[in-house]
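Chain IDs A, B and C follow the sequence of writing; residue 1 opens each chain.
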Amino acid sequence: MRLTIAQLAQRIGAELVAGPDEAKSYITAVGGVETASKSDVTFVTDEKRVGAVGASLAGAVIVGSLIKDLPKSQLVVKNVDAALIEALAVFAPKLKAPGEGIDPSARVGNDVRIAKGVFIGAGVVIDDGVEIGADSVVKSGCKIGEKSKLGKDCRIDSNVVIGHNCSLGNNVIVQANSTIGSTGFGYSFIDGEHRLIPHNGGVVIEDFVEIGANCCIDRAKFGNTIIGAGTKIDNLVQIAHNVVIGKCCLIAGQVGLAGSCRLGDGVVLAGQVGLADNIRIGDRTMVGAKSGVINNVGPDKKLAMIPAIDVKEALRVVAQLLRLPRTAEQVKQLVKRVEELEAAKNNKG
Amino acid sequence: MRLTIAQLAQRIGAELVAGPDEAKSYITAVGGVETASKSDVTFVTDEKRVGAVGASLAGAVIVGSLIKDLPKSQLVVKNVDAALIEALAVFAPKLKAPGEGIDPSARVGNDVRIAKGVFIGAGVVIDDGVEIGADSVVKSGCKIGEKSKLGKDCRIDSNVVIGHNCSLGNNVIVQANSTIGSTGFGYSFIDGEHRLIPHNGGVVIEDFVEIGANCCIDRAKFGNTIIGAGTKIDNLVQIAHNVVIGKCCLIAGQVGLAGSCRLGDGVVLAGQVGLADNIRIGDRTMVGAKSGVINNVGPDKKLAMIPAIDVKEALRVVAQLLRLPRTAEQVKQLVKRVEELEAAKNNKG
Amino acid sequence: MRLTIAQLAQRIGAELVAGPDEAKSYITAVGGVETASKSDVTFVTDEKRVGAVGASLAGAVIVGSLIKDLPKSQLVVKNVDAALIEALAVFAPKLKAPGEGIDPSARVGNDVRIAKGVFIGAGVVIDDGVEIGADSVVKSGCKIGEKSKLGKDCRIDSNVVIGHNCSLGNNVIVQANSTIGSTGFGYSFIDGEHRLIPHNGGVVIEDFVEIGANCCIDRAKFGNTIIGAGTKIDNLVQIAHNVVIGKCCLIAGQVGLAGSCRLGDGVVLAGQVGLADNIRIGDRTMVGAKSGVINNVGPDKKLAMIPAIDVKEALRVVAQLLRLPRTAEQVKQLVKRVEELEAAKNNKG
């Protein structure tokens, strides 16, 4: 795929600021500011990066407002993020479409309903009573358990395992090697042994949810573990039984949510965060990386630290933590000085 | 599945306290106190929840002792946890039994011994010399390496990979996408490169061990990595080479045990805990979530924090940590006040 | 496999110090100092362990220098680590070689180039345009995406999923259930929804890289995510889009690197470490377990803690943290004592 700079400007709805000769140069890819070559278009989303663009070899740059005195073709757009997504889509590698049909090595059970346009890859096992909506793709090596449902336009990457009674909406993506509907970690200690609490519930994953690779989402003990519409989940994330996640949340890599946690809408959990069981987090609250949340928290908060507290207070605590050796030395000196003052007082007294 | 409340009481061995009409109402599922409907039975394990039960729509409630003035059918049992497990088992979704036999797409090597009642799913690869005990289930896409042994009544979920020379006892469950018998992370830096230390050992998993989804258990360099009988392991857990875990331990999600750690019996590690290599932990010791254990610890301890210390001391440390900005401000003021006192003393002196 | 102690000494290039009868005893395995039996050879890499060797039942011991008065056959070598690797290789379990050929259940696309000596296991799916170098092994259940390339002598364990446009060098090992080339976690919030940023880039894994089980390495948004030659990665590691890792790094279990991090050569990250996005770490720098790195760091540093700071300073901080309850009590007492001094001063004044 190649487009002239002028053609690209038209494709992404940009105002082009370039000389007539430059506008005819070809662009074949999107590149980073530092790594782009003449045939790449790059972009500036951060004002601090404007300086670096001058040194970039990129043939053109997508900007939110015209950069003065920049001897480079500029594609001026209202929303750089949106234009970047457009440009990346234009230059995306052309991959073979998965096509339609069921690989003959797949095992399809009884009472399975597969809509038109669906692709079922090699070695896939689909148990009885499963329903798969139109144009969904289930790649090689997947397992879909009894009575589970997939909506339309889903993409289930290779070797994903979905247990029984799980329900995925439309346009759901599950990346490779993830496990949906595993039995949760719930045991009662009875007569000297840990007895598994049966997990009668399922998992409900709503429309436009995207789940990374090697994630685990446990089924509920009763009711459902629920992932709200539009929520995006990174790789290696653990979501325990009966967790309920709201809409449009972002859950970064290696986060762990213990049983029965409830997140509102638009919650953001950064990498390696952990939530204790039964924690409630309000809408739009953000939790910084590696934090450990052990108390419920309302909406529109920002938290950090183990245990997680308000981020501003956390910054104060950490600042004082890092200078704690000096503070402790001050205290030690103060003790001496106060002793001397006390001794002087007593001598006088 | 539906039972009248009276039938359910009989099934779970409960004393029924209900009016004769109520006793004939049908129950079809177990539900949470807040989410249950008329056709659900709910339960109270925590005295603090007694109040919430009054507002529950549940048709009946399993209790440890009669709740006074509760206008709801009560099933009074000695052990609510045990009765809940019974009730959940009664109403568990009825799934197709895996049946017996070897899917024709499976690859079974030479000298493999497969007992009666075993199910081997589609695409499973079983290498030479493997033994599988009666009534075990190996679901689709699994790989079982050379000379590995599974006992009776095991359940190996889809896409689990078990390497060579691994030994699983009876009634072992391994959930989907887990890897047993991976080569551990052991390198010697020799002549300018990291050279892998061969891992000649295996993995021994004893009876009634349950392993979650997407876990990794490395084989030993020599001898065996051992998981003791009755131990339960959650999802995404990393167990390194030569680790030895005792009986009836609980290892929560995303825990990591570095090489050659040894846990006693009944040890509990909460979510995202990490142990440094060669750590010893005594019987029944519990380690709080996100802790980092860098020192050996005896039996019957409770630890928390990074680095992990006694939980009571950890609570004191964290309490002071959170008020550290105020303490630091006090120190700053003290320095001023002591300087003034010293100045006054010197002026007088 | 069994060798006399004399034969073993010859095989690993050791000077043998043993009586003539002892030298004829057979050794069949390598064992740990505490667990070895008469037919095992053990080893001492740590001077502190010399004492324990006296009590070992091992038939022989590999040592770096002769241990005086030890009534046991000694194999004296220059480099115990290297000799241990040799000895483990001698006694490694003999496994069936994977052989050459493509399992008939594998799906091989168009324009695929498979060199001689390659083994492709059951249920493997190889998309169009893939190239696989000589003597590489792709075990059962793997998926290799469009136009990806594997070099010579690679070993891809069962159920690994490699996406399109990924490039693996020679002698690369990827252990079971890992995912290479997943789409990264990059979203722009546009018009009220999180829109995925297309990931046009690939993954480049250089020669002699070894990747553990259940790892995730995301493809780049543009350009490539790169793992430098000789780098070794443990299990359950998350490597986000556009990360660039240098040569001969060691990345321990459950580490997470956020987007666009850059590691120099020889960097060591211990277990459960997390790096914020865009972090730069210089050559040979080591980061202690569970640390959270939020600032760039130069070469040859040692870091620890959340947030990660110089390890020596971190030790001081943690030491003071642990005694913080006592320090806080001292401050409380100081406040009282200063108040008394002030009162006394004022009374006199």
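Please note the rule applied: contacts are C-beta pairs under 8 Å (C-beta built on N, C-alpha and C of every residue); 3 or more make two chains touch, one makes a residue touch a chain.
This one's a predicted model, so the numbers in the text were calculated from it and none came from an experiment.
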item	value
Chain copies touching (subunit A, subunit B) - same or different residues, decided at half shared	different
Rotational angle, Cα trace of subunit B fitted to subunit C, multiple of 5°	120
Mean-CA-position distance for subunit B and subunit A (Å)	25
Multi-partner residues of subunit A (each touching 2 or more other chains)	105, 123, 141, 159, 177, 214, 236, 254, 272, 306, 321, 324, 327, 331, 334, 338, 341
Residues of subunit B defined as touching subunit A within the complex	29-32, 35, 40, 79, 81-82, 84-85, 88-89, 91-93, 95-96, 103, 105, 121-123, 139-141, 157-159, 175-177, 208, 210, 212-214, 230, 232, 234-236, 248, 250, 252-254, 271-272, 289-290, 306, 318, 321-322, 324-325, 327-328, 331, 334-335, 338, 341-342, 345, 349
Interface residues, subunit A side, partner subunit B - complex	105, 107, 109, 123, 125, 127-128, 141, 143, 146-147, 159, 161, 163-165, 177-179, 182-183, 185, 187-190, 193-200, 214-216, 218, 221-223, 236, 238, 240, 242, 254, 256, 258, 272, 274, 276, 292, 306-307, 309, 313, 316-317, 319-321, 323-324, 327, 330-331, 334, 337-338, 341, 344
